[in-house]
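The first chain written gets the first letter, and so on, giving A, B, C and D; residue counts start at 1 in each chain.
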Amino acid sequence: MEYTPRELMVVCAARQIHDGENVFVGMRLPLIAFALAKRTHAPNCIGLFETGTIRDEPSAELLYTMGDAPNIAGALWTTGTLNVMAPMATGDVHLGFIGGAEVDRYGNLNTSLIGDWQHPSVRLPGSGGGADIASFSQRLAIIMQHDHRRLREKVDFVTSPGYGYPDEHGPAGTSWRRRVGLPRGGPSALITTLAVFTFDPTNGEAMLQSYHPGTTIEQVQEQTGWELRLAPDCKETVPPTEHELRVIREHDPQGVWTR
Amino acid sequence: MNKRTSMASAIAQFVPDGSSVAIGLALEPLIPFAAAHEIIRQQRRNLTLIGPISDILFDQLIGAGCVEKVAAAWVGNVSEGLAHCYRRASEQSIPRSIITEDYSNFTIGLALLAAGLGSPYIPTRTLLGSDIPRKNTTLRAISSPEDGSPLLLVPAIRPDVTIIHVQRSDEDGNAHMWGNLGITEQAMLAARDVILVAEEIVPREVIVSDPNRVLGPSFKVRAVVHEPWGAHPSAVQGYYNRDHAFYHEYHTRTRTVEGYAAWLEDWVLNTPNRAAYLARLGEERVRSLGVKEHRYAAPVDYGY
Amino acid sequence: MNKRTSMASAIAQFVPDGSSVAIGLALEPLIPFAAAHEIIRQQRRNLTLIGPISDILFDQLIGAGCVEKVAAAWVGNVSEGLAHCYRRASEQSIPRSIITEDYSNFTIGLALLAAGLGSPYIPTRTLLGSDIPRKNTTLRAISSPEDGSPLLLVPAIRPDVTIIHVQRSDEDGNAHMWGNLGITEQAMLAARDVILVAEEIVPREVIVSDPNRVLGPSFKVRAVVHEPWGAHPSAVQGYYNRDHAFYHEYHTRTRTVEGYAAWLEDWVLNTPNRAAYLARLGEERVRSLGVKEHRYAAPVDYGY
Amino acid sequence: MEYTPRELMVVCAARQIHDGENVFVGMRLPLIAFALAKRTHAPNCIGLFETGTIRDEPSAELLYTMGDAPNIAGALWTTGTLNVMAPMATGDVHLGFIGGAEVDRYGNLNTSLIGDWQHPSVRLPGSGGGADIASFSQRLAIIMQHDHRRLREKVDFVTSPGYGYPDEHGPAGTSWRRRVGLPRGGPSALITTLAVFTFDPTNGEAMLQSYHPGTTIEQVQEQTGWELRLAPDCKETVPPTEHELRVIREHDPQGVWTR
């Protein structure tokens, strides 16, 4: 069955969600990944939205934004942003999703600016809730379009901290997060249009976990700004099932986000 | 006290040049676009805009040259992507340079919470290791006085005026708001003055029949403006849906300075008020955005 | 997930000896007396009680010897005055000595707010010049890192369990609470575990029809107990009024240790559950406390 | 027309409220004083209650506690304690009321304990919201039963700060409050069963402003633990009007709080 790169990304994102987890859902593809997970392997997961909404059922209609009316009707709780981020700050959110313009080999994400901090060549929208999700959630899944200008050795600006960088006090990874005072967490997956990376928390480095059907490790390397490290069990990404695709297309019939 | 007034007089009285203005606080829904357009028509200058994410509203004010500084977590077009006027101002100082104080949604909320509580700051552990506090130096990293661990101090932000769009209010500013609230509650308590823009003006009895639904203390409200559809193209739960096409149109038309100027002519400068705006929008489009199916809250008894 | 259980099993599972328990958080209304009585019947020991004011509930638990420490702003009998068991414990170590950590209503609220936000403390300017921080040394006076001015740091309090009485809940712990809330919201977000006691168990549809009315995230709720009249003698808006006479009777009968013992026999130890409690209360008294006039909230539309 | 000492105290308390003010209303007598002021000279005042309630109309029935159902029905806002105290913390509350067990000549109030801090001879209920009201409101009115054991030279424990004490850095009064870091405020009136005191903010001392009809300055002095200082215009307390008494008795027909 044919599918688009974005449909595959949604499937890979949904597979990051375990049943019963509290998931901080980001914009666009994660909105559909949450709906897909709910309707397949994670019927008991709960979605938290930075607008101030918590729900345990996907919205009845496709969402252009998480503040759309269908995401509010039938919610478990509609309240303020701080009330929904508070449980994340105290560790009750298992998985968070964010996207970005640039990511580096240590999972540090840039959504703020390209170039000089004071006179940027491109001013990006900024953190939104992204930096908070990256700081507080137990696991972080990053979703990005894959090309060498976006997957870089080092980002121009760390908006959302991943595993930091090696420095005089120690390596990148979980120990860096502890050094800077982050309470927990770190990236567990980087999902792109070409591949899926996981991370080695001991040094914070991204490892190629799987390459999407139709691509090769070489093609992934060409579009990646650092020298690939392969996960021991690196293999081709498991393609979407017909059922997964059917659920995605039921939820996004016009393919607004997934075409 | 009757605080009803027109949008024009509310903006003229309570949003002078140089004001710090918290607006667009519920994130994507309930964005006070009618108020922003009046600010543009009155050619306010050197404003500081405060908000979490701004879904094209900050972009419009920046493009019109009203803004000196932005204190926000995100400035763009949620369903379309980047904000062109924000980019032009930040990258090329068109129409003028702006100062950007970067926050995250959690920290901008904490800053307003602190102001409302009368606390000078609130400590947190978000953004540790992020470059945001290195760029926005009002956010100060310290060692905890308790155990020496790293902490980030988020100083209080006290807006001169907070502008809020609500579903319904009485003439005194006792208001009901529902749906996701973003950081609206904190911004109301933090502000010196509050302007309420309401879809409906209702009798006091409607509001006091459900005091838990009330947004905040009416003694902080200086003006109540009755402006139906005043939040279009954003959504108002129970009244109208988000006009996604309008955001797309804005995104497409404002890629160039000239395109933005033309858009502004059409929708703001040559559109003196909200009635004219609705006429331009057209009955058909207005109808298509309306509520298709009502969903009423279960009854609640305050009896005794 | 169905979290329904009996009061006996909820207390047995989630309130072990030595727990810190936040309870009585809405001040005078919605006090979970049924839960406190079950704690006494199960002879819990060495509890830490956390709350703003406690209208005789803390006094009952202290008199029964369940309590090692009290972190509160006020312990007494609101309509009658002093709390006799609290006095005996503090003044004569009867039935045992207790540690009292004094707060004000604002600072106990800030302590729970801080815990819920994941912040180590919140700075404030209340209680500066008061002896409360000299007695409760967890409250630390410092000089502001910003301008050197005096500040009081209120450290986070994270209760092991928060017990909340609500008007209605579904079986998963999605609950509606209305009336004044005191510091209930903060205590729910601060707690590790939450026990909900509900006047009514309602279908999920009732709750999700009005998500702005919901008290907090059900994923923090461990147990949902259906206990009609479980807050008597305190009031539950829309269900029953405060039984002032009951507080007077308690005040009069508990002046002596023996009097308290007899009161406890009557209303707790020889009253195995809430059904027996209501039978003892008597139909006439129950009827007299019921709602005389219903006052329904104005409709709200979540449609789109 | 006959009246009780408590009825006179309610009248004196109500007279502290100016029209249009935001008033933080305490337990018992202030609940009635708020109702009286609303129905006489201050129709536009607003009452804030630490339970989390704000209202601009007195409750339809007598309140035994501020959390009683009639105080919630018809309120302008029912919410949390922090939301109602927040405007007081930022200076939006003009007047606050509290009572206590002990007060001293500088308006420092004790509602915590008598005797030794660790082994008190009498353990009192504590601050409740009192210390916050004393810290944050622009003006403070204290309501007490008058006897020499309650009006003392110095209280055993300062629960709610008044004007502090003279110390090596300066006098009591407004300057003491500034020294300790309080943002504003201080006692403006002490209303007792025998008299009304005002305060001199320059040194924090209570001044006898008026003695109630039927008492004398000498009798007040006998029951006061410090040497009286008289206000320049010290005179007899203006008795309640018939209208004031009628309103009080309409509100408290059984005389629960005012007999």
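Please note the rule applied: contacts are C-beta pairs under 8 Å (C-beta built on N, C-alpha and C of every residue); 3 or more make two chains touch, one makes a residue touch a chain.
No experiment lies behind these values; they were computed from the predicted model shown.
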Chains in contact with chain B and with chain D: which ones? C
Higher number of C-beta pairs in contact (A-B or A-C) found for A-B
Per the C-alpha means, the centres of chain A and chain B lie apart by a whole-Å value of 27
Please compute the C-alpha centroid of chain B, do the same for chain C, then give the distance between them in whole Å. 37
Inter-centroid spacing, chain C versus chain A (mean Cα positions, whole Å): 40
Express in whole angstrom the distance between the two chain centres, defined as the mean CA positions of chain A and chain D. 57
Residues touching two or more other chains, restricted to chain B: which are they? 110, 117-119, 124-125, 151, 178-179, 181, 185, 207, 212, 235, 237, 241, 295, 302-304
Two or more partner chains touched - positions in chain A: 53, 69, 72-73, 78-79, 82, 89, 136, 183
Please classify the inter-chain touch graph. Allowed labels: line, ring, star, complete, other. other
Applying that definition of touch, give me each pair of chains that meets it. A-B, A-C, B-C, B-D, C-D
Residue numbers of chain C touching chain D in their complex, please. 26-29, 52-53, 55, 72-76, 78-79, 82-83, 86-87, 90-91, 100, 102-107, 109-110, 113, 124-132, 135, 149-151, 178-186, 234-235, 237, 241-242, 244, 295
Seen from chain B, its contact residues with chain D in the complex are 1, 115-119, 174, 185, 189, 207-208, 211-212, 214, 216-220, 302-304
What residues on chain C touch chain B, complex-wise? 110, 117-125, 140, 142, 144-146, 151, 153, 155, 176, 178-179, 181, 202, 205-207, 209-210, 212-213, 235, 237-239, 241, 291-304
In the complex, chain A touches chain C at residues 22, 44, 46, 53-54, 69-70, 72-79, 82-83, 86-87, 89-92, 136, 183
Could you list, by residue number, the parts of chain A that touch chain B in their complex? 27, 49-53, 64-69, 72-73, 78-82, 85, 89, 112-113, 117, 119-132, 134-136, 157-161, 164, 176-177, 180-183
